[in-house]
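The same chain A turns up in both complexes below, where it pairs with chain B and then with chain C.
For the complex of A and B:
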């Protein structure tokens, strides 16, 4: 399968670039590897990116990552405040190490941050700057890592994986720390690229802490470096994505022997959340009574609330077809939720984050095997906005769950109501809003029903 | 319009020596010559300058001096010497350096200012990336010469250069002017290079024999033309100069595929080795019973 999906250049050398990525040309649903590391770093409170790249690589992420992630600015460390070596031709020809050295030195001096993430873009990778050696000079002065993330090498999702590779290999200690019982770390929710990351992470934390599990979500919480340093102490790592963060938890298992629990998606709604809590509770030896009591309490609340929009759904838009175009985790979660909890019919599911070939079968199976409906959707892996739109033509769906790119013309083009769930989202300010957990499932219903009720 | 030629050859093959002697000989014939060294080692023009090196184009970039008046330096017999220069070994991107240097010369009208009759680019011959192919792109050199010995790797580099010429030929790039056989010690070596050119539809324009005179002059920091003008070797270079100036041929060679080149070469290498063994062991002498 992989040979079919990889491009060979004229000399017959496998370039490692798969066909899917090579052919994506119009408004892809991700940015480059550097952007992924950049966004991930900004997700850490007290983390500061130091870009070793041209100036545009950072500024471009204002629209490419930050505003695209639910109109979120980059804070003190991001946006136009980002430290960047701003390489020009002189550095391309003669090397940019000295400029980077000066930049790191001044950043450590000026910035009130704890974790310095030197991120190499295309230029230093092409010309072969020895960035590792420059970063080594500062390791005794600050918590500093180097992430080699040339934009041509991978997309922003993979940038999240590269970030964790660097943290685990360069920052976390080699020796085994005594693990703390009933503690977990959460992986697989990518800052900015998973637009509802802030709310989803907090929800996962609240859910698990409700059944007695101390949860380190690493991002969004103050003293981010402390949270990173605590990673090796966890009893389990949890990853809520079919491929992002998976490499990190495997690495942590190898390094510290920490086992991991893998879920294909962030849990959305009562069914997925209950399953999530039961599996984690069992692995971490939480008394099943505790777990079941919590689930029962939340479901009682949840299903009473679900009755309120019942009339609107049943009378106005019952058993509607829907289309999803989203990154793997949300595509899986929404497809299952809408079919299994609203009784809606999956029409076409497009996965937009370009997961590696090896996990695509797994994603397809996860969707196909878990739908309580006789309708089987078409499942397509596509990141090219033009092709995504073409794939949506002449179909029966009445709801479109995708990026904001489709929002303005969704009614006109497809006669479908649009709900923005996936990167990029420029038409919503996303702060604490989320779709995970019990309340998140209700929020999906609110968004669906709000689209067709009213207007007065 | 000046005649613009590019001379390529594998590193260490005698390319700069040949180029400098060619420049010196052309200058003696009365032409105004500019030699532009396109190699980060920046030693192309040293024998035209009594062994002294000159500041390079990229030095001005490095120092941010913006001083464009200090790029062209006069050498032997008024030859205009320019060195593109480049990064320290193991740092930066030399290929981009060549591109930037040529663009800088071009955009600032520096070459036009001196209006030489002939411009010779002396380029590292392993065309490893786009930068080193810059001189054969449209609008720079229009004729390419390549210097080679009978070493397999030197011929391999020539074959690669031929591929580069083919690539740019559709877009108005430079075409081949001929092959210069260098460091020739035996007729068998000449035969090997001749055979290569026949099979690749190219021509040898001149064979340059290996000569201690060249080495001695180089140690003195001068070209053979300057240091030993009456030597036989100097006459060879003058003959080369006359041929180059009169050569209007521009054509597309047909390079070997890599596997075919290796097959072709193995036969010749065996013969050359056998020849050398005969020389060293004096087998013929013994066999003849003398």
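For the complex of A and C:
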């Protein structure tokens, strides 16, 4: 199955497998490294970003990360509440270290937070501030790290990786801690950039706890710093992304010997979820009976519910073509779910988060090798919105799963119903909603069918 | 041709603010230099006026500071990207433009039945600067982006927005533009909005208008005596545009709304208008003065059409420059007949909300331009404004502020650009009956007293969200009343969630606690 040919698109359209986007680009569906660190820090309860940057980086990411991540307000530490050294020309000339020192000191005094994430943007990097040295002065006063994240270094997804590099290298202890059995940490769900992060993380936790595995999802839960400190104790790390969080789990294996289990995506729907539970259950020596009983119980419930939309699907939109333009993890998950559980036909899959070249073949294979249909979609790595939209023209798909960029004109441009699944999503208030797990799969079906259903 | 001194009060300010426009320069002077601006103050309004007159305004550094926006990312990016037949290029690393990702959705919520055209396809690109570009320079990438924009969209204009990074590495934007201009049909318009250039985000407004005046505005072919320039802000809604259009339409006048959702030809004809009218003076200032200086288009900066008396005066000012003095009095009379009973009903309700006969107090967080027009409006409604927060202050509006202090008495004035901690401190300590917030400012809205928004946004087509003109004065008055009728959302949240700052911050009463006085 895995011959060289299957990587390429049957239609001849270039997969873009070797094109890592570094050129000028139209409305890419990611932000910069600083934004990724910023969003990730805000995902930690009690985490506060301290931006060492120009004054607009926080406000810019209020619009470009938080609002774009399911219309989220900034909360106590985000948006215009984010401490920022607000560098201007005189700092460019004289240096910004003193300004940063003052800012860290006052932030520790005033903020109701416990993890301080000094995040350097473009300006200090260009003027050569020694940020590490300033941060060192505070290490015995507070849990503080420095993430060097100038916007020209990497994109926002990679910012998540940079955040974990800093946590593991600067904050977590060197010594080996006795691991606790049947406990795991979850990596690879990026706050805000993976727009349904809050609900998906909670779902993964609930699923694993149902089969007796204590799960540290780190983000969204009270006392975030405690959750970070517990990371070394896990028996396993689990990563649900082809590239985000992978470096973190590799580092943790190196540092603490914690093995990891890697999935290419968050599990969406019954089939992916059962597979996820079986693999994790086996690795963590959960009795297979426990796992199988749980799966059987959930499937019984799930598949009865899947029957309800049957008339609407069969009468109105059975076996429909669909297009996906999303970040790696959800692109894989949705493509598999729609083909394998709803009987839909994958037309074109565009991966929009500019993953590193090294993981691209793996992403294509994960899709190509796991579809229960004779239809092979075109799979394309593309970051440029103009090209993404061009690639969608004159194709048979009736459903478009992408960011809200396409939402206003999806019908007039492509005659397709639009379902927002990937950053940026401005047209949904995303709180607990999720697509992972059993109920998440049903939510996909609700969203799809609700787009066309009416009196039959 | 009418050469206008737009100032209805004939003050000496025209001499004081020098001729600003030097279009040979690549960009405008910063607000700090042009108008002695600041965004750090807390105290009596009268003291600030005194300081301003004596030239004692400065911008000391804060020890604790929050991300309040930069010259680029204080909506400049979000305004330019709404221009319908233009493409915007962010000459920047990829993050500076992320806030503009809503560009295709911004106005789509406005129904076409309300006059929104569907004929547009705006777009933006980023040069997506990488480490190697920072070292070797990025002019090739800018050139590439310009050519892509031209090839993909054949736009009327291509705007280039600069960034901290291009500023620091010393990119020669104009050099690249000069080279590429001959290869494209679109007019290339570079805007210098490097975040590091100024502490005052309002410099971004001026930088934008400088570029518009330098590159886009055409020599007038004919005077359009019935055309009124109005620079529309994101803080005015679609309904406000409709109300302004309706009122001026009754006078037989047409409105040239720029820059939001405008076309390039709307900019080109700015020089042909009869007058430039404000809806936010701090925003429009540079454009208004520039159009007068270069093309003799008269202007006025005060008031904005907010509240009845200001709308009356705004209309009269416009009428003066368009020869509609008689018609305008008839219009004002007609409109008052329709709307005044409705306003009176609202005033009555506010009277019934008085405790011990005292007017309800309102604390608004406003731009300086909004401050001078909104405070008289609150007075009309029967609300007291013992304090106000302004994003900025400079000597462009001294006279207007002085008039307010004379008329309504002195008040506490806080000047800062989205400093959430300072605003939380003041709001807690003054504990007004109603706080009007721009919610971007963080956690200050979680209070056990009444809170609502200070203004709605451009894409809101709902009549109850209107704010301008007579219809807006009534709609916004009603809207404010709603805030007194149910506060369970923010009250519950203030009880159930943690505060942003430690208790001591709210318990001491100096919002400028972290000011570095030494500077």
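Just so we're on the same page, the second predicted complex is superposed on the first by the 433 of 456 C-alpha atoms of A that agree within 3 Å, B and C clash if a C-alpha of one lies under 4 Å from a C-alpha of the other, contacts with A are read in each partner's own complex, and residues count from 1 in each chain.
Keep in mind that, in the parts below, contacts are C-beta pairs under 8 Å (C-beta built on N, C-alpha and C of every residue); 3 or more make two chains touch, one makes a residue touch a chain.
None of the values given here were measured: they were computed from a predicted structure.
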item: Overlay on chain A: chain C relative to chain B, clash or fit; value: fit
item: First, second, both or neither for A:282, with chain B first and chain C second; value: neither
item: Touched partner set for A:30, first chain B, second chain C, both or neither; value: second
item: First (chain B), second (chain C), both or neither touched by A:254; value: neither
item: Touching partner for A:126 - first (chain B), second (chain C), both, neither; value: both
item: More chain A residues in contact [chain B versus chain C]; value: C
item: Which superposed partner A:311 touches (first chain B, second chain C, both, neither); value: neither
item: Partner chain in contact with A:92 - chain B first, chain C second, else both or neither; value: both
item: Chain C, chain A and chain B - angle at the middle CA centre, rounded to the nearest 10 degrees; value: 60
item: Where chain B and chain C come nearest after superposition, their Cα distance in Å; value: 5
item: Where chain A meets both chain C and chain B, residue numbers; value: 89, 91-92, 126-127
item: Complex contacts: residues of chain B adjacent to chain A; value: 58, 61-62, 64, 86-88, 91-94, 96-97, 100
item: Contact set on chain C toward chain A in their complex; value: 61, 63-74, 77-78, 89, 92-105, 108, 123-131, 133-134, 141-142, 144-145, 148, 152, 163-165, 168-169, 195-199, 201, 418-421, 439-443, 498-502, 505, 514, 516
item: Touch list for chain A against partner chain B, complex; value: 89-95, 97, 126-128
item: Residue numbers on chain A that touch chain C, as the complex places them; value: 21-35, 51, 53-65, 67-68, 73-89, 91-92, 99, 102-103, 105-107, 109-112, 122-123, 126-127, 150-153, 155-156, 385-386, 403-409, 424, 426-427
